[in-house]
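Chain lettering (A, B, C and D) follows the sequence in which the chains are written, and residue indices restart at 1 in each chain.
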Amino acid sequence: MTDASKKSAALARPLTGIVVPMITPLINNDTLDNEGLERLIEHILKADVKALFILGTTGEGPSLSYSLRHQVIERTCRQVAERVPVLVGITDTSFTESINVARKAADLGAQGLVLAHPCYFPAAQCEIVDYVTDMAPKLPLDVFLYNMPSHTKLTFSPETVRKAAQIKGVVGLKDSSANMFYLHKVQVELRDRPDFTLLVGPEELLAETVLTGGHGGVNGGANMKPQLYVDLYNAAKARDFTKIQSLHDQVMDISSKIYSVGAHSSYLRGLKCALSCMGICSDALAQPFRPFGPEERKIIAKNVEQLGLKQ
Amino acid sequence: MTDASKKSAALARPLTGIVVPMITPLINNDTLDNEGLERLIEHILKADVKALFILGTTGEGPSLSYSLRHQVIERTCRQVAERVPVLVGITDTSFTESINVARKAADLGAQGLVLAHPCYFPAAQCEIVDYVTDMAPKLPLDVFLYNMPSHTKLTFSPETVRKAAQIKGVVGLKDSSANMFYLHKVQVELRDRPDFTLLVGPEELLAETVLTGGHGGVNGGANMKPQLYVDLYNAAKARDFTKIQSLHDQVMDISSKIYSVGAHSSYLRGLKCALSCMGICSDALAQPFRPFGPEERKIIAKNVEQLGLKQ
Amino acid sequence: MTDASKKSAALARPLTGIVVPMITPLINNDTLDNEGLERLIEHILKADVKALFILGTTGEGPSLSYSLRHQVIERTCRQVAERVPVLVGITDTSFTESINVARKAADLGAQGLVLAHPCYFPAAQCEIVDYVTDMAPKLPLDVFLYNMPSHTKLTFSPETVRKAAQIKGVVGLKDSSANMFYLHKVQVELRDRPDFTLLVGPEELLAETVLTGGHGGVNGGANMKPQLYVDLYNAAKARDFTKIQSLHDQVMDISSKIYSVGAHSSYLRGLKCALSCMGICSDALAQPFRPFGPEERKIIAKNVEQLGLKQ
Amino acid sequence: MTDASKKSAALARPLTGIVVPMITPLINNDTLDNEGLERLIEHILKADVKALFILGTTGEGPSLSYSLRHQVIERTCRQVAERVPVLVGITDTSFTESINVARKAADLGAQGLVLAHPCYFPAAQCEIVDYVTDMAPKLPLDVFLYNMPSHTKLTFSPETVRKAAQIKGVVGLKDSSANMFYLHKVQVELRDRPDFTLLVGPEELLAETVLTGGHGGVNGGANMKPQLYVDLYNAAKARDFTKIQSLHDQVMDISSKIYSVGAHSSYLRGLKCALSCMGICSDALAQPFRPFGPEERKIIAKNVEQLGLKQ
């Protein structure tokens, strides 16, 4: 490994550009698709993405056994080999298990952590501030907050983000609320903190996030077509509206043709099915999800073709 | 241990009467209050309760590290010594970790399991049915479903309960929805299954649950005053309305004077604070919760006195 | 009209027994089915019900034009001829229009009013208390509060009910939350007010409402089979559990066979379709609802037969 | 009135720029502040706004009596004198009353209508499509759909918007969901309909709405400082990012200093209080709201000063 590659694995402050919330290729609920994982990483790293985020929502992190989570971290870090930073999701119902995964992540060579609210128990904002205050000093790596109200049913209020941003080791926020009003309120709270990273989850909001001062996107579609999201990020940075419009349209097409098929759990099932149709990895999902049946797969296969995802 | 005591640890079909969702006495986030646990178990078992349910919501199960959960199971089973069945909460974000806890529970001498939805990922009803169908054969003990929409944001629909009830090893439902209409719809679906246990969570609904055909209650207040809930169950079984009214009034008084103090997370903080004021165990809570401060503690102490909880 | 009949139209304190939330028979969105209305009222009044409640949720009150609401009040009061009290729903987005309907109701001979939260604007509990405090003195008749969170997205908190109960002219609460825990908290707040009426909306909870101290039910099914609900009320009052079980089972059968057909808006469409199959009135609904199509109507017709609703 | 002024009152297709959701100046719940209304309209029309929208959410439309709504329409149309189009909110619980207000609006000289879901009854998407399909032909003026999930608890799904856009007379959508992902999905559905107006409600999203292809904003803050929103719209159209950033910051400052004061109902109370501090009109609100007390008013007065709203 060269010094140059090592440098690229350090976490920039702020972290700008495209972070890829990597899916976890599985053979079944408890078995990693190792070859699929290698192919997927190499596929993604062809583009100039700025980090991999593993074991997040798109990575089905909370659904995997700890033994499998360790494997995912170990294999990913080895394969990435510090070409980009690896961020590891440590969201858990248990404070202590979050720290356990964090330590494993540091041992295995990851560069950062991502922490949503403790799911299960509803907590008040003051309890959330205390939670982060207590956890950060115990974490061996820098940590991003992960605002994911659709799954945790809680929100880091803008004021809570401001307080948490003052804690050593808390370096950014990944917001998956799809609520730009929320993001702007957070930006107001953090006007004096240009080093604090603000990333937005839904790829459908990438253009405006960058246009209005956000640092980048955490975009699931980059598992399939990483260059598209890098290009859109760059176009938005350059304020090239002709390109923005055309690339944003492609992002919306992926959204409607890959993530909206089937009656339920369409995003994850569609994304994994597409990657399977592209020959990258298996479409197996961890419990409680199941792959699409033949009917939906046929639709996805046709749309993959039509969207030019298969190359 | 006599044969008689052994017999009482077998799970009745249906299980009737009062099940105690035991709090977990803690010294801090990762340390069990062993003496408190022993005192608490002996305090509870003075009354004719029908089972202990550990590591549920009241037991803060999902907040504890696995190592601590194993200790809770081990210590509880040892102390109870089969005087009543011990039920163990195995709710988790991960299918495999639920099974891991279940196996530990069986090894350590527990008699049954309790399973809520996988929290974190929203799942469709068909996915929930599959989840239970896949898990039940892997569980070493009988399992109760645990309907807890306020925490999991999902519900076992009445039709899903009917389907799940046909799976070998699924023996009952604990409903904490506080929605009796829901319970009655479940009862309609299970008219031909008098062996399938239906228990209701909020103690404020114990009387009517039993009066309208439910099998019993899973009542947090029984940590403090187990005899009260046993008496109310018996009065409801006997349809002694004079007693029912007076005992239900006491239950409501505990509800308003112990569970409604403080601005947030009042149930768990109030319950543990009361047990601490009663000299039974520490009031420490697992993350993300904190014990009441001196002001709220003063109110609880006064109310404990007034309610005659301290004896 | 005899003195006796006049007496029965006065509002008892508390009002006990079965109140019928009458559907509004329509020919189309703006036209009353006058003959249907007459038949329906006579059908209902064969049983010993204690009041008619018109222009509530079941009566589609908020969907009707004011001119049509006036007709419903006028025709109903004339037909009922003080055999029972007529309660009129005055829920509105506008404070002043609620009062306008209330005055019309008094002029046309109604005996009481029913008021939910002002729908549309979310209001804080203190604003709700002020709202009722300001409105009550302007109302010409006694008023029941109407807790209907599924439609107004607001709740009268138990404390708000206690405060409102101190206002002159506020005589009771109709709770349609399906949450018996809520009802018990309200009962605690009103322990010293045996005159304040507590009625519960979902008929599936009639038995336990009466068994645990509620005063009666506001039961939509009584449009079809009023005697069933009167009998269940009486059985619950008499604590005759053999009768309660059998009658409650019939109520649940109506619930699952009439109110659960079709993909959406099943309660109102099912209820009106059943009344149409019974030959009582048209199945037309006000906007935004439409009657069942032939497929669902066939199912309802069969179920009406099977449930013995057609006599 | 000149021809030129008449022309400006015709509704452009699409309607672009800033539409002002005018507050309704009140003396009390049932009395219009006529002088305040005149001052407010003249204050607003100093800037190049493209329409006034009266009786919307900001205008407290659903809270006002019909008689008062008629006065607001009449006075506004007279004062505006076709200098800009006047759009009238016709949202109602009753289909027929919506049409009644619409007819009055046309008679009194308004140019367009705005229709949210029928509040109160939850309706399915197919019912909403039918609702609009049935209503549009009965309306004397073009109508905008009004997506307002926080108040109606319903959403026009992107597919529903596409269907509704095919109905004659339905000319646009005002989206107040604060969800740009939703807006982009609507844009995908309407790619072939550049004439269909897409406006966004929260002013905090004005910049990105225009940058990503929306036609303009419906911005409450324009009651106070119309030129700011016109300038931001123009800067976004011109893609002048230096100006955008500075103007967007001012918009966010108004948001945090005027709309976030007090414990509840902060937007409307803050906005009217600020207008009162600016000497434009009274701060009276319709039921169920009340003006701020002296403490909050002091904060608003200071913030009005600091934000340079008083000139």
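Criterion: a residue touches a chain if its C-beta (ideal position, glycine included) is under 8 Å from a C-beta of that chain, and two chains touch if they have at least 3 such contacts.
Quick caveat, the model's predicted, so the values are computed rather than measured.
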| item | value |
| --- | --- |
| Most remote chain, CA-based centroid, reference being subunit B | D |
| Centre distance in Å when subunit A and subunit C are each reduced to the mean of their C-alpha atoms | 50 |
| Mean-CA-position distance for subunit B and subunit A (Å) | 36 |
| Residues within subunit B bordering two or more other chains | none |
| Each pair of chains that touches, named by its two labels | A-B, A-D, B-C, C-D |
| In the complex, subunit A residues that touch subunit B | 29-30, 57, 60, 62-66, 68, 91-97, 100, 118-124, 126-128, 130-131, 134-135, 150-153, 263-265, 286-290 |
| Residue numbers on subunit C that touch subunit B, as the complex places them | 178-181, 184-185, 187-188, 202, 204-205, 207-208, 211-213, 239, 241, 245, 248, 252-253, 255-256 |
